[in-house]
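Report on the structure given below.
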Amino acid sequence: MMGLNKKDTSLFVVVIVLALLAPFFLNPFPTDSSMAQFNAGYPDLMQRFVIFGIFAVGFNILFGLTGYLSFGHAAFLGVGSYAAVWIFKLLTYNVLPAIMLSVIMAGIFALLIGYVSLRRSGIYFSILTLAFAQMSFALAYSVLSNPKFNLTNGETGLQVYANDPQWLHRDSLPDLPHLFGLSMRSTYEMTVGGWSFSFNTGYYLCAVILILTFYLSIRLFRSPFGMMLRAVKSNQQRMNYTGLNSRPYTLAAFVISGMYAGLAGGLLAAMDPLAGAERMQWTASGEVVLMTILGGAGTLIGPILGAGFIKYFENIFSKINDNILHQWFAFMPDGIEDFIVAVIHPFIGKGWHLTLGLMFMMVVIFLPGGLVEGGQRLARLLRRKKSDESPSADTKPAE
Amino acid sequence: MGILEIKNVGKRFGGLQALSDVNLSVQENSVHAIIGPNGAGKSTLLNCLVGKLIPDTGSVTFQGQSLLGRHPHEINQMGVARVFQTPEIFGDLDVMENVMIPCFARRDGSFRMHAFETVMNEKELVEKAEQILIDVNMIDKRHMHSASLSRGDKRRLEMAMCLVQEPKLLLLDEPTAGMARADTNNTIDLLKEIKEKRDITMAIIEHDMHVVFSLAERITVLAQGTPLVEETPENIKGHPKVREAYLGEAQV
Amino acid sequence: MDAFILQMLNGLDKGSAYALIALGLTLIFGTLGVVNFAHGALFMIGAFCAVTLSKVLTISYETIDETQKDFLGNPLKVETPYIESWFGPEVGGAIIDWSVPLAILFAIPVMIAVGVIMERGLIKHFYKRPHADQILVTFGLAIVLQEVIKYYFGANPIPTPAPAMFKGSFDFGAAFGIDPNVIIYPYWRMMYFGFALVVISGIFAFLQFTTFGMVVRAGMADRETVGMLGINIDKRFTIMFGIAAAVAGLAGVMYTPINPPNYHMGMDFLVLSFVVVVVGGMGSLPGAVLAGFLLGILESFASTTWATTTIPGINQIIIYLVAIVVLLTRPRGLLGRKGVMED
């Protein structure tokens, strides 16, 4: 289907279904149940799942295929956000031109930074990208917000003010980001029994874009271009002696992944018309590295899983507090209950970063293929168990 | 006038004169071996040919065109392929993909995006790649992960990757280094076969005299960065200067 | 001229911190070939050693002084640190006052232990893995260490003062007969610079004049050959990792009075220290020290009003700018050997 082989098609269908039905999947608990706080199906969070999914899918095109570890991808995200907010300020609240400009600006930025950074490889590349991103952050935070030439509005962040021109804006259109009049904030609430599900325009815009970008990424992975990128990662020396200069390939991958980041940044601004410099800081770049590796670098679906996983952790896992733990372990004798709660305490709530850091280390040490590899191993283990139980079942070799 | 002309090439690393005044001419469609004791400058010379190093003095021309200052990928596109001492292949890719990459490189000449095609839809290239895999006897391993191949198979694969580009000159850097006798003989046979089937010039850097004498038509002996003699294999055996170079002055 | 000297001096203390961290990073990279993203965390742990010691020293008991009243008229509660009651207020007070320098003694064994545990427990398994993996796992470790510190000490900076003796500034102008009050420099920063020099020369002397150091240097140059000589190079490298950790830790201990430590100070310094290492030359110890001081001083020059009015924001980006220029024009860095990590 659509130029994909069977395995990729089914993966693609899974992503489509997950993206479109997320409002159901993410709200599995009835609204008044005690578990309702683990519902992640509210528009704001669902949007972030998908947007960071796009960011990580793009990052994976660079890191997963070529092995070039960029520590500065947040810079492109930030550029995308600023570009989108400027469109909102000057032209219109319509998100389409805003997103388009985000992608273009991020692409130009990535071309410049990539052209310079890719002259070096390995750790030098990582540090160059880090240096460029920190530089962009410092500039956006201070210099580019001086009164004479205020491009970023510094600490406050760039936002739309009432006296901004908005030349193409008309009174009939919503005073918030919209797509041809359809406000990004409009949400339809559906209540079924004790459950409630929200369908948000902004989320569905992001979801559709995720599906498109994911399709693009599959095609890219399976294309000769993708093969060349994997060859660069595998053996650059052989690549050169095969008559190919690896730099245009890596630069193209860098620009594409920068454009993905810009797209994510534009979408962030489209959901909430505000852009701040902290989006460019290197910790933000580190986050996308975490997402991609945790999910499985070089795999197709890994980055999306990783992004969802981390964002879920950040927003839901961090809400678990001691009271909830006491409820969970209430069935135990008091002493043991208190002990267990005390042991778990540092890892939950505000300590979710600690848990994340530990998990990330575990993944790097034991599961270089990330959650995807973990899932595959588990599946293989189960399959083997099954075939042990019924020796007659046909034993296909792994893969 | 040979296909490859090396004139007065010199190369210095700090205080070490690795090559001095090297003159060498490789005739078209011949097998030319370059031998010499350790540290004679064989590898340096090879690196000067493929663009990894730039000689300090002298000139290197291939089919009348200078190679100096060109990048390895440009030199490859002119028709020079290289086989490494330890096989350099794309370990993360499968065997078929390993051969497809040089096919693309040959057809496209330089960077092309091809971001929306599918590798296996390039019928012409696939045919070509499969043919070369048949030639080197590896067609049944085409879906194998190339890092898991045996060393001998890696060597075959590397040869296939070079040959599929139909190079005019094939440079071999100790192709049998570290191989068992049987593997060495296989490699010799493979090279002989290649030589019979196509119009190709080979320059071999080798340690193993058995390999050299079974393949080479001309032999250059390199010692301390300069060519001592250039002769046919028959004449090189027992040549006093060669003895001296290999065994040291005590034997003179 | 005065302004020039003043900026020079201002750059020295930050430069000292960069130099010390970069020195440790380079020791680890040069000996073990590992890119350690957790090195900033070691700096931070060092700083928190000082915090811990000062907290421990000021553990107090409460007594009620009936003779004095607080502002509500209740009897005044007086907190007396145990240490003052043991050694008397004079000596006890002095010990508390000197908690930061004393923390050096406490930090050295702690940091060596942390370093050795880190190397044996984790880094050892990553020697043969790609550099990207090393970066990633140490990056994860840095997050973990940082969060542990945050859990125990909170997210806010904790002021940890220097001994009273070092409060105030030295007036260079008055001392050297130029205008007074123009070139003044805090005593503690001077102390920090001196301390950094002592540590750096200590490390160099250790590497230069001891057999242990000689073997390590040989190992840095060619690990395999030294390994073949039958010398247990791994054990020495573990010790070197401990020493590198101690250097970073000491840099952190002494930095606390200059900048109250918080849990993310390590990451802040790490990014810059990596830039320093790259500018100095990956694997070159003198390069790391030189680049540390150079960039510290450069940063301080870029912060002058003259510089910031000429090129706005130059103080924020100067180090990165230098790094980019150096990496592109001279990838091996100022004093680096050719070919380190270039492939």
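A, B and C are the chain letters, set down in written order, and residue numbers restart from 1 in every chain.
Following the convention adopted for this analysis, a residue touches a chain if its C-beta (ideal position, glycine included) is under 8 Å from a C-beta of that chain, and two chains touch if they have at least 3 such contacts.
It should be emphasised that the depicted structure is a prediction, and the values quoted were computed from it without experimental measurement.
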*Hey, what chains does chain A share as contacts with chain B?*
none
*Core chain by centroid distance, with centroids computed from Cα atoms only*: A
*What chain is the most remote from chain B, judged by the mean position of CA atoms in each chain?*
C
_Rounded Å distance between chain A and chain B, as computed from the means of their C-alpha atoms_ = 46
*Counting in whole Å, what is the centre-to-centre distance of chain A and chain C, each centre being its mean C-alpha position?*
35
*Could you please state the distance in Å, as a whole number, between where the Cα atoms of chain B are centred and where those of chain C are centred?*
51
_Residues touching two or more other chains, restricted to chain A: which are they?_
none
*At least two other chains touched by the same residue of chain B: list those residues.*
none
*asked:* Under the stated contact criterion, what part of chain A meets chain C in this complex?
replied: 67, 69, 116, 119-124, 126-128, 130-132, 134-135, 138-139, 141-143, 146, 236, 282-283, 286, 289, 293, 346, 351, 353-354, 356-358, 360-361, 364-365, 368
_chain A partner contacts - residues on chain B that touch it in the complex_ = 50, 71-74, 76-77, 81-82, 88-93, 97, 100-102, 104-106, 109-111, 113-119, 122, 161, 165
*asked:* Could you list, by residue number, the parts of chain C that touch chain A in their complex?
replied: 35, 122, 125, 130-133, 135-137, 139-141, 143-144, 146-148, 150-151, 267, 271, 274-275, 278, 282, 312-313, 316-317, 320-321, 323-324, 327-328, 331, 341-343
*What part of chain A is in contact with chain B in the complex they form?*
3, 219-220, 222-228, 230-231, 233-235, 237-245, 248-249, 252
